[in-house]
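Which chain is which? They are A, B, C and D, in the order written, and residues in each are numbered from 1.
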Amino acid sequence: MKVLYFAWLRSKVGVAEEEVAPPAAVTDVAKLLDWLKTRGPRHAAALADLSAVRVAVNQDYARLHDKVGPGDEVALFPPVTGG
Amino acid sequence: MIRVQREDFDPGAELARLTAGNHRIGGAVSFVGLVRDFGGDKAVRAMTLEHYPGMTEKQLAAIEREAGARWPLEASLIVHRYGRLALGERIVLVITASPHREAAFAACQFLVDWLKTKAPFWKLEETPDGAAWVEAREADDQAAAKWRQG
Amino acid sequence: MIRVQREDFDPGAELARLTAGNHRIGGAVSFVGLVRDFGGDKAVRAMTLEHYPGMTEKQLAAIEREAGARWPLEASLIVHRYGRLALGERIVLVITASPHREAAFAACQFLVDWLKTKAPFWKLEETPDGAAWVEAREADDQAAAKWRQG
Amino acid sequence: MKVLYFAWLRSKVGVAEEEVAPPAAVTDVAKLLDWLKTRGPRHAAALADLSAVRVAVNQDYARLHDKVGPGDEVALFPPVTGG
């Protein structure tokens, strides 16, 4: 699974993109976010306030209960402030 | 038609190309967004627009399709820039063309409202106090929400 | 700024000139009206737009002033052509520029609605059945009336 | 007083513009329209249905009870169909 970070989430986590292999129990967005927090102190700090985090799965906006799996592209970013 | 690009665009040339030869068009509405010198209270000198390559194109195409389904459009165009943009530079262009001016206005405003709230862009503003990521503005979410009721 | 002229205009050049160097502008909305190939049910090939020289300029200037009083505009422009215009030709250009996109959209739509119902222009359409003066359209009056309630 | 005609009113009346000197009793738009009808059959025909006639006095829209006088520019035209 590929995880992408944008804007201040990228700065806080310290990488723009990483390949991860979460355990099989991680089946939806909520569980993935919980699991990502355990990867280290920077991940934990970046994801401390989930109200400021938006998620896309395979380039579509996703909600906490949406499914995620091994081949997916998951992106985490702040609320958009485009144009 | 959508484009996401670093380079500037020419609103007049885009309009001419989009409407050329289509005699069913009675009105074309264009919106050009520019970098202005206040984001909230701070003096903005420039900004860098980050986006999510791939998702941006996918979402813009979906929004444009939705506008075409809601209003009788003969043509539409979204051009959105990313990267560093100085004061006064063009950021985004939206053009909608229809037999009826009411449809062109409504569709253009719909697209601009959605771009501001749903397109995966993030603004990093350069101010005298340093660079800062812009926070989402509630008024923008409300402007987009009114279309969901429609 | 208003202009009434027989010659064509360049929407992109007008927009660039109007917004040049003004860094308070966040959004500019342009409307271009074109001669389209159906007025009601008939096949339109061209039209001649007659106007009332003097009154046209006076009324356009008054409408533009009113838009500037209602919305926080940094700049605005109305260019209206008269004379014979063939299918696909540009008829009218309205540009409004504001710090806020909502104001630019509302003011542009207000001006266009007024132009269609209050500016002293009369359309003589050329159709396969001959030339005919266009009758006023009730939908246009309603579009303009909504602003009087606002 | 100068009277101007536009669009099909011009075609029906047969002139674009005329200088007129109505009697002193003609003090408002309604009376002027009634008096203009008496100028000849073309005027009478053009002004038969006043619901299709709009009036401007000195280049501002005017109503039936608005005053008109010797120095004024009065224009008669159908409802506008601009842009």
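As a convention for this text, a residue touches a chain if its C-beta (ideal position, glycine included) is under 8 Å from a C-beta of that chain, and two chains touch if they have at least 3 such contacts.
On a predicted model such as this, the values are computed, not experimentally measured, just so you know.
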Leftover contact groups, counting everything except chain C: A, B | D
Between chain A and chain D, centroid-to-centroid distance (C-alpha), Å: 73
Centre distance in Å when chain B and chain C are each reduced to the mean of their C-alpha atoms: 23
Separation of chain C from chain D, taking each centre as the mean of its C-alpha atoms, in whole Å: 26
Whole-Å gap separating chain B and chain D, where each centre is the average of the chain's CA atoms: 49
Multi-chain contact sites of chain C, meaning residues that touch two or more partners: 33, 112, 116
Inter-chain touch pairs (all): A-B, B-C, C-D
Residue numbers on chain D that touch chain C, as the complex places them: 4, 6-8, 56, 59-61, 75, 77-83
In the complex with chain B, residue positions of chain C that touch it: 10-13, 15-16, 19, 21-38, 87-88, 99, 101-102, 104-105, 108-109, 112, 116, 143
Chain D-facing residues of chain C, complex: 33, 49-52, 54-55, 58-59, 80, 91-92, 112, 115-124, 133-137
